[in-house]
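Each chain gets a letter, A, B and C, in the order it is written, and its residues are counted from 1.
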């Protein structure tokens, strides 16, 4: 009987505590609600965004905040489950009364939350999901794309690949929307620029696949000229190891979006695959400008590690929040949205503009190939770097708005 | 078990809770109404699982399949055909019941653990189809922004709709359990050999139980669309099946309302602990461990034990029989 | 001669070999699960977490010893042992009091453990991806059939597999404790009545099972991204393999793993876009034909 009493007290206590878990801050803040995945394989990317975001927010708050109010943020871990992610977004808006939403790496959550944001008329900054649908087909007034999307990456890569001599292509990748989207965008644009390319075949494996050897041997036996590997961030490290172990890297040149990112190259260390083409919107070591160097130093000092490409999104989101509300003159959601349209912020990679017609941030794209570099002793870096300005590859306003019909 | 927690004096408590449920939207903020809707439909899902699991002794390890099939059937019907959404909401449960029938026919020849694993394998195939048929089902993105009839599109009305449908479904399930069919079903759980000997077609009873369970899981799926206007392939994944199973076990799988309680606890904890920390699975795990140790019949089972007599003894009898059964069958 | 080369084409042979090496990890993890489920009747969902902990421990231990080949070998020995120790603590503190309980409640308990450990791993090791380098001697690949590459590390796995299988078989069938465990699986009371301390026998079996999970994690670590979420990827496959192989049967786990691994790698050859379907289809077929598993179960 005693056990039961203890258990009931414990449970009632827990439930009671739960009902009192409202925020401790007063009402005089700008509240940001962040829903993202902080467990499982995607967590390292979400954390990069959050850390970069925190760094800027702390700076802003130290200077007195925006319009005299501090920026406050709350995070929720959806554990890559869209129904939980949506429920958390609803909690943040309906219970925590946040002024805007930020997040998430899961495209299905992002789309569901975007739909919810539209109904609730609350701004939603998509800092992590890469699906082009966010600002494309399913775009609307209340959603903003801060991360690069698959349409942008695909086009940039296609432009670069069209200059290369390869003709017979193989497409392989993670079997989910991101993988297919990247592959389609690269391929369709490549075909337009270079009609002679042929698609030999396609291979798709489940997300989180751990053994690529059977797939790789199948691809190698077909001897394509080039492989477009549409892998998500989490699988890329595993794929890179398998690619090296089977010798795929030396036999078939390949391209992967974000493979040159420090988040992938770092863990692989000097065992990483050389000679792989990749794109990324941000590298901490390029451009080697004073602004970028200063930013990286500040990040390192705060967190003891180099920033991955995702840091740029966290940074940008914070800057847009600061300048957006400042320009709006009040913590008013509609005025904030109007302010953001066409707004330009300064960043470690230079000026970035939030395009007004579709609410997509115009990021540049870095195209490079992985190589060992004596200046970097612990990991491979991108070399032969070409930085493609956004206007050279972003879909035009007409193209994007057409998909929304 | 026949009285449950709301028998006798508990009846007043039951009526009070019912009245409160109807009055909540008048004073609770919108988020809590939303949360309650989710709890109600998830509780219905868990109760529909407990029908074959607790009352039928069938190891229904992949119940989420029927939930997902119901939701997707309704979603696809609403978004792809030109018909009224109401038809979609009705189509969901029937699609789920149909899939339940087909899967049941395949799996029913096995028993216990093997039944469960076969169901998981078949269910996984269905998940793969939904996940990969990108052009039709939206693939891993799911389907969003499903249009609802105006009368249930506000959160308040969605809540009332969910509440009414859930209460109706629970009432129907309760009636079935306390019907001759229900008693026969429990007989097949306690002792299939003896049941067969007195002329009960064990397999047929189990199959019907599965169809009914699938039907109400489909109802829960349709309700999810009403509350959230989206469907995700995760709704068919085995991790959700496991979660719903946990809700039943946590709440008490020899009671009627145990699963509903289990669903409520897990959802409330999940929602509110994440307000404190991102490590919200840790306290949940610890809570589950305490319940297992101190309350082996689940929370409601324990409460009923203290108030009435049946569940504990009942559990022992069933445990013995199950051990003997599996020993004989191998 | 043409038919021969068509059937035994380099692509096919290569794919079969690859499927076999994949099987090894599946077998090791599944055999541990099979022992626990077969002898102790615990549906051990926690097994996946232990696999993940094995991989993370390998990362840490190998790093502590310099990260090179020496580090890997030390990790291969120490990581499974540390996992076994953790499992022993858990068994003595929690599981041993619950053997009499309903199986489903044990499932709930192991699930609770996996929830707790999922967060613990995050707390201890953090979020970033971790990579364990392949030891120098196993780097690169050999060129077999038709010049197709086969990673040397996979050759190592193919060698380790039978070693583990035979070692397990000896332990389970030839040692005294193995025979006692098998007896206790069928009739615990009888074994206790003969004066044997069944409790410690069960602890031993649980430890061996969990050690195997840790070993699987350690072996897989150099080939994959050591990250959170590893516990979910393998656990369902392990359960399915155990079921089709026969509960508590080490050779059954091997057969099950073979079927599963080969079905997948051959499936990729036949239908690259839907290779994932084949292992599940194989499981369904086996269960329909032999409902209690292919080989003899302990219960």
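Assume a contact is a pair of C-beta atoms (placed from the backbone, for glycine too) under 8 Å apart; a residue touches a chain by one contact, two chains touch by 3 or more.
Please read all numbers here as calculations on a predicted model, not as lab measurements.
Both chain A and chain C are touched by B. For chain B, the chain with the farthest CA centroid is A. Chain centres here are Cα means. That of chain A falls 36 Å from that of chain B. One inter-chain figure worth recording: chain B and chain C are separated by 32 Å, centre to centre, where each centre is the mean of the chain's CA atoms.
Residues of chain C found to touch two or more other chains are 118-119, 122, 232, 276. Residue numbers of chain A whose C-beta contacts span two or more other chains: 38-39, 175. For chain B, residues touching at least two other chains, in rising order: 132, 281. Against chain A, in their complex, chain C makes its touches with residues 10-11, 14-15, 18-19, 21-22, 118-119, 122, 127-131, 133-134, 139-141, 146, 148-154, 220, 222-225, 227-230, 232-233, 264-265, 268-269, 272-273, 275-276. Contact residues of chain A toward chain B in the complex are 3-4, 7, 10-11, 14-15, 17-19, 21, 38-39, 74-77, 79, 81-84, 86-88, 90-91, 94-95, 107-108, 111-112, 114-115, 131, 133, 138, 175-177, 180. Chain A meets chain C in the complex at residues 38-41, 43-44, 47, 175, 201-206, 208, 210-211, 213-215, 217-218, 220-221, 234-238, 241-242, 245-248, 263-264, 266-269, 271, 305. Residues 106, 109-110, 113-114, 117-118, 120-122, 124-125, 128, 132, 238-239, 242, 245-246, 249-250, 253, 279, 281-282, 284-286, 288-289, 292-293, 296, 315, 318-319, 322, 326-327, 329-330 of chain B are the ones touching chain C in the complex. By the touch rule above, chain B contacts chain A in their complex via residues 29-32, 34-35, 38, 131-132, 134, 139-142, 144-145, 224, 228-230, 232, 234-235, 265, 268-276, 278, 280-281, 283, 287, 290-291, 294-295, 302, 306.
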